[in-house]
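Take a look at the structures listed below.
You will see chain A twice below: alongside chain B first, and alongside chain C after that.
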Partner chain A sequence: MTTVIGASEQAQKLDPAATGVEGRPDARSTAGIFLTPTVLILALIALYFYVQSQTLDSIEARFVNQKILTTTTIEHIQLAALSTLLVIILAIPLGVVLTRPAMRRATPFALAFVNIGQAVPSIGVIVLLGLTLGYGFRYAIIALVLYSFLPVLRNTMVGLQRVDRALIDAGRGMGMTRSLVLTKVELPLAVPVMMAGIRTALIINVGTATLATYTDAGGLGDIIDAGLTNSRTVILITGAVLVGVLALTIDWLASLAERVLRPKGL
Partner chain B sequence: MRVGTRACTRRVVVLAALAVLAASCGGDESNSANSGMLKGASFTVGSKEFTEQKILCEITAQALEAAGATVKRQCGLTGSATVRTALTSGRIDMYWEYTGTGWITHLKNTRPIPDSGQQYQAVAKDDLAKNKIKWLDPAPFDNTYAIGVRKDFMPELKTISDYAALVKSDPNKGSLCVATEFTGRDDGLPGLEKAYGFSGEKTSTLKDGAIYDSVKKGSPCNFGEVFTTDGRIEGLGLRVLQDDKKFFPIYNPALNVRNDVFAKNPRLADVFEPIAKALDTKTMQKLNSDADNQGDTPKQIAEDFLKDKGLI
Partner chain C sequence: MADTKGSSTTGGATTEGSATGGEVIRLEGLTKRFSGHGEPAVDSLDLEIPAGEIVVLVGPSGCGKTTTMRMINRLIEPTSGKIVIGGEDVTRINPDQLRRRIGYVIQQVGLFPHMTIADNIAVVPRLLGWDKSRIAGRVDELLELVGLDAATYRGRFPKELSGGQQQRVGVARALAVDPPVMLMDEPFGAIDPITRDRLQNEFLRLQERIRKTIVFVTHDIHEAIKLGDRIAILAKGSRLAQYDTPEEILARPANDFVTDFIGPGASVRSLGLTNLADIELDTIPVVELADSVDKAKVVLARTKQDRALIVDEDRRPRGWRRATDLAQGMSSGGGPLATLHRSQTVHDALNELLRTGDTIAAIVDAEGRYEGALRLETIMGLTTQAEAAHAALREARPVAAKAGDSA
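Moving on, here comes the complex of A and B:
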């Protein structure tokens, strides 16, 4: 018994680095909560003054205006949020199923399959789906789901696998059913690792959604592409800063959610 | 077939070797108009990523080689801005640019000049003064925007005015595929709508290469923004609506050379003057079509073109 606990302790010491979860001290992260939004607001203010200082020509004015920027930002948030939500709905149950003892043999095959989705370059996934299935919002969402499936699935599995066997045995010994052990012991203990995976998926989706512009799905990629093809720096910088701010804002919100969802005392 | 081609290639190589021998035996006198004109010079030739540009890149490279220069190829750089930066920063020495792109994208103007000759003069003058880029003589072929549609789709539609009328009566049937660049330019969609007095057509923004296929399928749109010399218009059974109000400006391409390179090798102008002259719209469409529809390589197409016209 002692050897088992020793091994799992060692595993817990090793795992955080491997899965991207850090046990941050609370005081430091409280300061961090305010740091990110401050920096982001400053970035937006800087962008505003930069754009104000420029005389926009007719091409620039067609993209750098409130109406277009609001529409594309909303489209971008919809692309990233909906695709991440779908990934959560699909990948977490799959991760749970694949870690059940009966399914362990299927694990390597499932992982290999999901790996393909992420190994293919994102522009390939998006444009290929556009060419074969069709263009528009719906198909961009499918591409994003394929692309960000792996981190959520992988972290769900790792999170569940690294739960101390002794705790599961204890739960079973107390007379809990398998599903009770899953919901009351395993999943809560796996939350930090799973959240790290979801955060990764969110960031991937915010970034990759810029490519959705090539398949008629809108988003801030419209702005970036317009800046590139027309060789207009103002448009390019506006699009790039907005995507950056959006990605960091979403990551910041996810970090807040992580604090709330993390079980007390972990 | 393949064996035949290989044997043929070998024969060409042998002939070329003989030609080199003959040329070197003959001393300074040469058997081709341009050979030796640029002896000892070395150039890096660039181009954008689409078919026409790759062919122009090969034509340029082979013409330079025939004139005795050493050539490094950077054909197929992605995006106008990338190639342009490569030129201004000295990573490439020359590439073919279109007067419209030079005027609007690189020189940051918004209004095109309707007359193609004046447009060329203006862009050549400004680019040399501001950025030290020399525009050699333009080719007569016109690669501008056009509205493309499937050949068998509403054959009674002949002109863009007819299209504008269709959009007014049925915006969904008049659905239009465009690339982002086209939606922002005065000589693109905003100006087109103004000139022909239509609006509200259902638009889909796609990567420009995907537009041709979408128009052929009729999904997500029946009409699309195309480029007049693209080989896929013919290859996919598309046709171009007549620009009856002459809205789209004529955009001729010309070889852009960094001026310090040109100053050292002024005979570049002599080498490329006859080549530019030979590139009319029909010829360019044919060369593009050979690549897009027959699958010939740009290298082969360039070689055939230069030899057929007696340019190398």
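Moving on, here comes the complex of A and C:
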């Protein structure tokens, strides 16, 4: 993926529009807002009738039942939500620090380091961490944080760097302190780009959490893996559809959040 | 909003009627050396800016004028020297506190796009901890002061305003806490020429009322001449080439640098200092809108002119009645009409004539009623006079007055 980037080229190289991090349409019509949930509900109904039409053998029944599906779905949501929350808590402050004038020189090194996390294939990150640190939910969370750190950090930095210098000059010139300029001007204006990064991290985490099953961390990966190893299409389809629906639901919720949090007047 | 009145007496007392709302700014040996550059950007500048005046810092790009201005509110910290505002040495005080007492307007305006117009104006009052009703009252007062309807604009976002309107808000924001001093860095530089001209005129009228001490940076000598009570022409390193009134600078440039900088058109430019109210206007034939074609013919024949100005019942100029049109039996007046207000300058009249491609401009009073005309030939005559006077002055001026001591 990205290699070490010179500080001066960052704004360009990191341009989320160019890297495809940002550009989702948020000017969807009101009708469009309801399109995604409708499709998702239809997909779930279709899955239900498909499963109903099948006669389940004992292996299939072990996985395709309400209890196990609910448990794994909740685990999956926990994996994705917690890891994304940690990324937000860690990456945004780091992005803020790295864009302060005093820290400009450290920026390329920090980005190079974070890039390693994303450059390695996701299964690699998870399994490597599993082997070195240990199995289970906690280590899967660490792996997911490493893997989805870059989009949030990068978009925080880009969002802040993109704020018109004249606005900062105006703020400072009026007697706003540096921290006031940051909290009242820079961060609010960076919100749309930052939100796009967070949304990307969420999607990555919902998808990658599927692999957490290989380090015994649960999630809907359990179902898909069971379907594959036992050659049971019903199990496989159930797991895959649920992951897909979950990913799209979360993306939809994130798009709503983007709308609400976007500052007015932009 | 109920106590608008109360808050305006506390918040904006000085905007109403005080003789000068400004304070003297004194720069003493002000120097800025940027690391890695041999030559100082500003080299030991001494400058006194009188209270309540507009002083324009003008000079070629890279001369250090913006650096000089930004040292006054210490967005750039001086390497050495002193800044004294209203008798107080502000070189070492807390810069954030200092800046809250100095209005700051920049070319890019810098309105915060995610805040409403009211919130933008309220930034500094909030920093100073004003209460809500006082802020609301002050916002409305300032919007009206810069010619924007408060009810219409206070809740809007910057992007909903035109460039000219945004800069008015920029000025209102700088005036929010009624600072004695304002710094303006090419505030009209990014605005189209027609709007710029209007904003400059409004700005001068506003300054009549508020009498702030204003440091104004521009690279445009026209703007400097139009706006400045005094002009500081700066050479490289912010060396003061001449510091004087616009009239003096145009009439008696202190040295070759100034002569080069104000350019060969100084005589034409001096037209920009002459108000139409101060010169003798030309007389041209006038007919009323209701007058018949025959009457117009008679008037033209008697005055031996090829056209007459049409005025309506309120004596407002409406167009031209030309002999050629009348010969063809046409009664309507055609062609664009250069109309100027008496408070405008001869330079404005020249511009307007060049724009309309006409040779006679109609001059009107405050109510828009016809007062007289100005012919292109008359303007040319004024230019020649100015040129002659200018040349005579330069002949007479001894070679002595070299750089920087004319103030």
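In the analysis below, the second predicted complex is superposed on the first by the 239 of 266 C-alpha atoms of A that agree within 3 Å, B and C clash if a C-alpha of one lies under 4 Å from a C-alpha of the other, contacts with A are read in each partner's own complex, and residues count from 1 in each chain.
Methods note: contacts are C-beta pairs under 8 Å (C-beta built on N, C-alpha and C of every residue); 3 or more make two chains touch, one makes a residue touch a chain.
These numbers were taken from a predicted model, which means no experiment stands behind them.
Three-chain overlay on chain A, with chain B and chain C fitting side by side and no clash.
In the superposition on chain A, contact is made by A:Thr177 with chain C only, not with chain B. With both structures placed on the common chain, the touch criterion links A:Asp169 to chain C but leaves chain B unconnected. Of the two partner chains, neither chain B nor chain C is touched by A:Leu133.
Legend: residue contacts after superposition of the two complexes on their common chain; A:Ile41 is shown touching neither chain B nor chain C. In the superposition on chain A, A:Pro188 makes contact with chain C only, while chain B stays out of contact range.
Taking all C-alpha atoms of chain B against all those of chain C in the superposed arrangement, the shortest distance found is 50 Å.
Counting contacts by the rule stated earlier, no residue of chain A appears in both its interface with chain B and its interface with chain C. In the complex of the two chains, the chain A residues touching chain C come out as 164, 166-167, 169-177, 180, 184-185, 188-189, 263-266. The touching residues of chain C, when paired with chain A in their complex, are 73, 75, 96-101, 104, 106, 108-116, 123-124, 127, 157-159, 173-174, 183. Of all the residues in chain A, the ones that touch chain B in their complex are 57-59, 62-63, 127, 130-131, 134-136, 213-216, 218, 222, 225-226, 228-232.
Interface of chain B with chain A (complex): residues 79-81, 84, 104-106, 108, 110, 179-181, 183-186, 190, 204-207, 210, 213-214, 219-220.
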